[in-house]
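In what follows, a single structure is set out as C-alpha cells and then discussed.
Each chain gets a letter, A, B, C, D, E, F, G and H, in the order it is written, and its residues are counted from 1.
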Amino acid sequence: MINEKIICAGFGGQGVMLMGQTILYAGMVEGKEVSWLPSYGPEMRGGTANCSVIVSDRPIGSPVISNNATSAIIMNLPSLIKFEKDVISGGRLVINSSLIEKKSSRSDIKAYYIPANDIAVELGNSRVANTVLLGAYLKLTKILSDTSIMKALHKAFSGTKAHMLDINMAAYERGADLVG
Amino acid sequence: MAIVFQKTKGLTDKETHYCPGCTHGIIHRLTAEVLEELNVLGDTIGVAPVGCSVLAYDYFNCDVQQAAHGRAPAVATGIKRVQPDKVVFTYQGDGDLASIGTAEIVHAAHRGEKITTIFVNNAIYGMTGGQMAPTTLIGQKATTSPYGRTAEHAGMPLRVCEMLATIEGSVFVERVSVDTPANVRKAKKAIMKAFQCQIEGRGFSIVEVLSTCPVNWGMTPVDSITWLQNNMIPYYPLGNFRKPEEDK
Amino acid sequence: MGKVLMKGNEAIGAAAIKAGCRFFFGYPITPQNELPEYMSRELPKNEGVFLQAESEVSAINMVYGAAASGARVMTSSSSPGIALKQEGITYIAAAELPCVIVNIVRGGPGLGGIQPAQSDYYQATRGGGNGDYKLLVYAPANLQELVDLTQDAFDAADYYRTPVMIVGDGMIGQMMEPIEFKEHISRFALSEKDWATTGTKGQREPNIINTLFLDPAKLEELNFRLQDKYKLIKSNEARYEAFNMENAQIVLVAYGTTSRIVKNVITDLKDQGINVGLIRPITLWPFPEKAFDNIPSTCKALMSVEMSFGQMIDDVKIASNGRLPVHFYGRSGGMIPSPDDIIEKVKEVIGGAK
Amino acid sequence: MAVKGKVTFNDDICKGCGLCIAACPLKIITLDTKKINLKGYHPATVIDVDKCIGCANCAMLCPDVVITVEKL
Amino acid sequence: MAIVFQKTKGLTDKETHYCPGCTHGIIHRLTAEVLEELNVLGDTIGVAPVGCSVLAYDYFNCDVQQAAHGRAPAVATGIKRVQPDKVVFTYQGDGDLASIGTAEIVHAAHRGEKITTIFVNNAIYGMTGGQMAPTTLIGQKATTSPYGRTAEHAGMPLRVCEMLATIEGSVFVERVSVDTPANVRKAKKAIMKAFQCQIEGRGFSIVEVLSTCPVNWGMTPVDSITWLQNNMIPYYPLGNFRKPEEDK
Amino acid sequence: MGKVLMKGNEAIGAAAIKAGCRFFFGYPITPQNELPEYMSRELPKNEGVFLQAESEVSAINMVYGAAASGARVMTSSSSPGIALKQEGITYIAAAELPCVIVNIVRGGPGLGGIQPAQSDYYQATRGGGNGDYKLLVYAPANLQELVDLTQDAFDAADYYRTPVMIVGDGMIGQMMEPIEFKEHISRFALSEKDWATTGTKGQREPNIINTLFLDPAKLEELNFRLQDKYKLIKSNEARYEAFNMENAQIVLVAYGTTSRIVKNVITDLKDQGINVGLIRPITLWPFPEKAFDNIPSTCKALMSVEMSFGQMIDDVKIASNGRLPVHFYGRSGGMIPSPDDIIEKVKEVIGGAK
Amino acid sequence: MAVKGKVTFNDDICKGCGLCIAACPLKIITLDTKKINLKGYHPATVIDVDKCIGCANCAMLCPDVVITVEKL
Amino acid sequence: MINEKIICAGFGGQGVMLMGQTILYAGMVEGKEVSWLPSYGPEMRGGTANCSVIVSDRPIGSPVISNNATSAIIMNLPSLIKFEKDVISGGRLVINSSLIEKKSSRSDIKAYYIPANDIAVELGNSRVANTVLLGAYLKLTKILSDTSIMKALHKAFSGTKAHMLDINMAAYERGADLVG
C-alpha cells in the first residue's frame, strides 16, 4: 500500500512547486488520493520555497507533513538543513548534489545524490534541474506509472510552456537513468 | 581620507528583508540620515505601516509603533497629541496611504497634524504580491488587473500630492524620486524640509517618493529604475506642491 | 466532469462563478489573494465584475449595494480584514441581504501572521457587529467540500436572505487536491428577488433597503423576524460529520484543517487499539448540537481540538450540557497541532477519564 | 582629475542588485561573479579602484547601505 | 392660470421630519425635480446616508438603499456595477461624506464611478445634536468644540470640492447654495448637470450644497440663511471646480 | 466629598479625568454624545486633549498611538461604532496596550435604533476582532458603580496592560442619580510604563510596539503570554452581585439596566411570597462562573434576562454546566423588559419547574 | 405690473419657518399667528393676494413644498 | 413610606427636564433615594420631551417608569394623551390647563388643573410655567420639605441663570398656593 509523503524544497525559482504539482497530477491521473500544500507568505519571494505532496491509497487526512515525510527532494543547502530531520527512519532523501556539497548526516535513511544542475546544464537549460530530480525520485519509489507521469509532464508543459516539454522529458529520463 | 558617505546612525544594524534593488532601502536611509542630522533620533517616534515596510520598526534606530493597515496617520496623531514635543513620522506605502488609509491621511492633513509622512509610491501592493494600487498606471498589469489597468474600469491613477496640497493644513507637500543620485539628493532635501516644518510646528508635511518594486513589476532593479523614469515620472510630476509662505 | 486540481482559493472562485456569482468586491490580504486574483481574471470573461475596493470596509458596503440590487455577490478577506467588515456585515444581516463572505483565517490577534489558524471562530459565530444577528457559517475540511459548500452558500444566502460565511484557513486556501465540479442544482426553491432595488420603472412602489428603526417596537419586530429565521436555519441547516464514533472512549470535536489532522490521529490510535471518535462541525453556526445526543456510552470525555485557544469549546460545552467533561487541545498563531501532541493529550485524558 | 576617492563594500550584506553599477559615472563597479556571499548574491565590487572620484553616487543608490565612500 | 410651481412627483407624500427651515428640504426637492425632469425616476436608485437625511428613503419617490455612515459611495458603487444602466445617486451630509466617509468619496471619484453625489454641507453634525464637522468654521461653536473651533487644534475647515476636483475621475464638481431664490435655481442647474454627466457615462459628479442647520446653529431659519451668506460662502466659494471638456 | 447629580455619560467623563485620563479620541454617536462633549469641555481645562477623530476607526487607532505613548486614554462609542473599532481593538489587545473603551449600547443589528439594548454582549465578551484576545468588560448597573468602575478600569488596564471595556446603555448613559466621587486609589501596584515609545533620548534601545509575528512560533509565544494574562484576570477580576439568593426558587441572571428591573421584580415577587434570586455579573468577561457554585438547593431553574436575544445565556449555560435548566427572557431593539412580563415568565417557569 | 400670480399654501404641512417670507420680493407673506396647524406651527399665509406676481421665490425657498404657484 | 414615580412631560423647551431635575436635587438633598431618566433621541428636537423621576425611601431598582407612575405633571396635550394611562389607580395628574383644554378621562385618579402659563405670564415670564406646576405638585404630595425645594431652586437658578431665581420662587409659591 502506498502512502508517500514527499517534501520538495529549494530556492524560490528552482521549480519545486511545479515538481510537486507534477507528482500531484500524476497521482490523480492514476486514481490515487493526492494532496499538495505549499509553503506561502512573504518569505517565498527571496528565500526558500517548499511544498508537501502526499500520494496514498487511503483517503488523506492532513496534507501537512510534519516529521513524517517518507521522502524529501532537496534542491539547496538550507532546505537540506531544514528538512533532513523530518524524514522518517527508512525514508529517502534525493539531493541536488550540484548545489549541495554536504552529505546527509542521517544513517537511518537512504540518500541519493543527483547532480541535477550539471545534468540540466548539459541538456541546455539549468531550469530543468527539478525534473532531473523528479525523474530520479519517481524511478526510485515507483509509486506512479510512467504513463501517468508522462501525462503529468505533458500537462505541466503545455500552452505557453509547450516548448519546454521535450527538454523536460529528457531531463526526466536522465534523472531516472541515474538511479535506474 | 575623509569619509564622505557612511551608514547613518539612524539605521540599526539589522539587514533589511527588502528584495534586491528595492528602493525602499534608499528611502529608509534618507529618512534616517535626516533624523540623525537634525539630531532628533532620541526624540523621534516612527510609525510603521502594513506593507513591505512593516518591518521598518526593526530598521529605524528610534522608537517605533507598528500601525494597522492605513491607520499610521491616526496612530501618529495619538502619539503627537500626547507628546507634542516629539518628532513623529509615518512611513507608508501607496496601498496603505492612498487606498485603505485615505481618510486617515486626508484628515491628518486637514487637522494640520504636526507630523511628517514619508509616502512610498511604487504603484503596486508589494507585500501581498503585486495587486493593483490606486497609483498603478494605466495599462500596468498587476495580479488584480491581469489585463492591465483601464481608466474605464478603475479610473485614472490617484495623484496624492495634488490632492493633499489643496488642504490648508498641509504645509509641505513634495514629490521626489530616487532614480538618480541627483534625485536622491533632492529627495533628502525634501525630507529634511518636511521634518523641519514639523519641528517648527507648522503643520502636516508629506514627501511622496516614487519607488520601485522590481519583484512585482517583474523587472531587474536597473530596468525598474528606467521604467519608473519613463512611466511614473511623466504621470507623477516631481516637484513641490506646497511649502510655507516665506519659502515661496 | 472529471476531477481537476486547483488551489483552494481558486476553487472557491471557480465554484462561485459556477453558482452564478458575477460580482466580487475585495481587498488584498494574505493568505486569500489567489481568490480575488482568480476573480479578476475570470469574472470579466463571464460578464461579471471584479472590483478591488479601497478597503475592506468599502468592499463589504459594495457587497451591500450589489446584493440589494439582486445580484449574487461575494467578498473575501482574512482575519483583520474581516474585523473591519463587522459593521457592514451586521448591516447586511439586518437588511436581510444575501451574500457570501469568505474568511481565510490567519494567526492573530492584531496583525498577527499569515499561517493557518482558527482563532476567528468567535468572530464567525458570535460576530463583532452590533445586535442580535447570525451568519450561516460553513467550515469545509477539504476542497471538494469547499467547492460544494461554496455553491450551496449562494443558494442558502438567497433562500434565507442572509449573509453566509465560509471559513477556511491558509492551508485550505493554498492546498491542491482533486475536485469535481458537479452540476449546480439548488436544494432550495428560490423565488424572484422582488424586494431588490432595481428601479421602480414606474410600475411599483419604491423598494427600500433599510436597517434604521427609530421606533423600538419596529426594531424589535425586525428582530423577531430575524430570530424566527435563525430558528429555521438552526433546525434545517446544522451539518456535521461523525467519524469513528462506535465504541469511542473519547470524542474529539474539530473542524476544518484541524479535523483532518484529527482523522490521522484517530487512524493512528485505532492501530494502537484506542477508539477515538470525531464530531466534525461542517456548520459552525448553527452548531450541530444534535451530534452530541448520539455519543456512545463508551465515551467518557469530549475534547475540543482547535487552532485557537478555546473558542469552539463554548459550543461543545453548551451542546454537551454538562453530560461529559470537556477537555481542550489547541495551538495558535499559525502553529498547526501535530498528531503526536494530540495523541499525547488524548492518552492523558483517557488515562484520567478511566 | 585630481579628486581621489575610495569605496569600500560591505560584501556580506550586498544583494547584488546592480543599482550602484548603473549609478557610477565612471562605470568602475561590477558584480563579482566569482564570489557568492552568505545571502547567496554576487556582491558588487570596484574594478578600477584608482579611477574612483569619491562622488558617492554609488552609495546614493545603494538600497542596502553597503558602500562607504572616502575622499582625499 | 398656469401652474408655475408645484410639488414634484420625485417626492413622496410623506412629510419630512426636518426641523422648520432646515434647507435639507429644499435640496431634496431640487434633486427630486431633476430626476422627474430627466424622466428617470423609475430607473433611479438613491442611497441615503446616516445623518439627518437618513430618512431620505421615505421621501424620494424611487428605490432607495440606506447605507452605513459614510459608506454611501461604496454602496452606490455596488449598485452601479451591477446595474450600469441605472441612475445612482448618494445624498450625504458633511459628517457622512467629509469625515467618516472620506475614503469612500475620494475613491468613488478616483475610480470615476458613474454616480452622482449630492453633498449637503451644513458645517455641523445635525442628527447627533451639533458636534463639530470637518467643515465647521473657525470660531464656530459646536457641542464638541465648545470654545469655538481653532485652526491650531482642529485645522482649517476642509474644502471638499477643491480636493475632489484634483481627481481625474471627477467630471463635474460644483459648489452651490440654497440661500436665495436665484441660488436655488443655480443649484438645480448644477444638480441637473451632474446627473446628465452620469447619464452620459462620463464619470463621477458631485454637487456640494451649502445648507443650514437652524436648530444646532441655535438661530432662526432666516438668521441661519444670513449666517450662511456671511460666513460659509466666503470660506466655501460658490462655483464650478470641474466640468466636462466641451463645457469649458 | 458630597454627592452630585450628573448624567451617566458625563459621570464617566468626570470619573475618567479623576482617574488621570487626559486623552480622549472619539466620534459622535447617539446615545453617548454627552461623554465626548463633556470631555471636549473639561479636558482642555485639565491639560488634556480631546480630539474628535474622523471616524471610529481612526479614533481607536489614535487611542493605540496615545496608549503606546504611555498616556491614560479613553474612547467611547455605541454599537455600530464599536463594530468599526474591532480591528483596532484586537491590535490594542495584541500590543498589550492599556486603554478604556466605552460602549453605550443601542438597539441593533445594523443602524438599528438608539434606545437601550444589551445586544452587544457577544461583541464585548467574544470580540469581533480576529484572534484569541479578550477584553476585561465591566457592566455597571448604577451611576455610582459606573463611576467607581470607570476609575478602576484605568488601573486595571495599566496593571494588566489590556484594553478594558465599559458596557452601558442609553439608560445608564442618560439617567441621573446621586454619585459620590471618592478619592481615587488604585488597588494595584502600578509600575512605570518603561515599554512606552517616548523617545530613546539616546539612553536606551528603541521601544517597539508591534503585533506582527511572521514566525508562527513567535506569534504563539505572544498568545501563550496573553492566555496566561487572561487566566490571571479570570481568577482575579471576576465580579458579581448575588441578591436575594436565600431560598430562591429560581435564580435570574441579569446585568446592567436589566438587573435593575429584575431587582424590582424580585421585590414585588417577595411580596407575593415567591423567592427569586439574582446573579448580577459586574464583569461580563471574566464571567463570574463561581457565582453559580453557590446556588441554593431550593433553586430549580436559572433564567437569563437580557435586552438581547440570548447572548449571555451561553455563559449562563457554560457556568451552570447542565446542573439546572436555563430559561430565557429577553427583549430587543430598544424595548425594555417590563417587570410584569418578567414576573409572568418567572411564574411560568416556576410552575413548570415544580 | 401686469403679471398676476397666485400662491396656495398647504397649511397642514407648513412649519412656520418664515423662509418664504424672507424670499418674497413683495413682502406679502406672513405667519398666521391666529392659526395653529396640526403640527403645532403658525402656518404662512399671503397678506395681500393681489400683489403676488407669481415669481415663485417663496416656493423656491420653502423646504417643505408647502406652496403651489400659479401665474396668469 | 414614600415611593413617588413622577412623569414630567411637555413640549421641548417648556422646561420639563429642569422641573424633573429640581425634584431630583431636592430629593437628594433630603437624603432620599432618587433617579431621573430623560427620553432621548432625535425626536427630542421638535416634539415632546419627558423625564421620569423617582423619589423613594427604598433603594431604587429601575429608573424606568412604565405603567406605574404615581404622578404625572403634564404640560401639553400630546403628553396628556400619551401618559395619562401610565398613572396608577389613585395616582395624580397635574395638568397645565392653560394649554390643555381636555380633561382627564380617568375617574380613578385625581386630576388637578393649573393654569400654569397664565400665571407665569402674570408673573412676567411664560417660561416659569413649569415651576408653577412644580409648586402645585410638591404642595400636593408633600414628599419633600420646603427647605429642600428651596435649595433645589437656588441650585437650579444659579450662575448665569441667577436672575431667574426670584421669579421662579414666586412661580413656585403661586403654584403651591393654588392647591394649598
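Some points to look at:
Heads up, the rule we're going with is that a contact is a pair of C-beta atoms (placed from the backbone, for glycine too) under 8 Å apart; a residue touches a chain by one contact, two chains touch by 3 or more.
Model, not experiment: these values are computed from the prediction.
By C-beta pair count, the most extensively touching chains are C-F.
Of all chains, H has its CA centroid at the greatest distance from the CA centroid of subunit D. Computed from the mean C-alpha positions, the centre of subunit D lies at a distance of 84 Å from the centre of subunit G. Computed centre separation for the pair subunit C/subunit E is 39 angstrom, with centres defined by C-alpha atoms.
A separation of 55 Å divides the Cα centre of subunit A from that of subunit F.
Each chain gets one centre point, the mean of its Cα atoms, and the points for subunit E and subunit H are 42 Å apart.
Touching two or more other chains at once are residues 30, 51, 54-55, 57, 80, 87, 91, 95, 110-111, 114-115, 211-212, 214 of subunit F. Shared interface positions of subunit D, i.e. residues touching 2 or more other chains, are not present. Looking at subunit E, residues 19-20, 50, 54, 66, 68, 99-100, 102-103, 106-107, 110, 127, 134, 154 sit in touch with two or more other chains. The touching residues of subunit F, counted against subunit H in their complex, run 3, 5, 30-31, 114-115, 170-171, 174-178, 257, 260-264, 267, 336, 338-339.
Interface residues of subunit A facing subunit C in the complex, by the touch rule stated above, are 21, 24-25, 28, 34-38, 40-42, 60-64, 66-68. Across the interface of their complex, subunit B is touched by residues 5-6, 13, 15-19, 21-23, 39, 41, 54-57, 59-65, 67-72 of subunit D. Against subunit E, in their complex, subunit F makes its touches with residues 27-30, 33, 36-37, 40-41, 44, 50-52, 54-56, 80, 110-111.
Chain contact summary for the complex, subunit E toward subunit G: residues 1-8, 11, 15-16, 18-26, 29, 178, 180-181, 184-185, 214, 220-222, 225.
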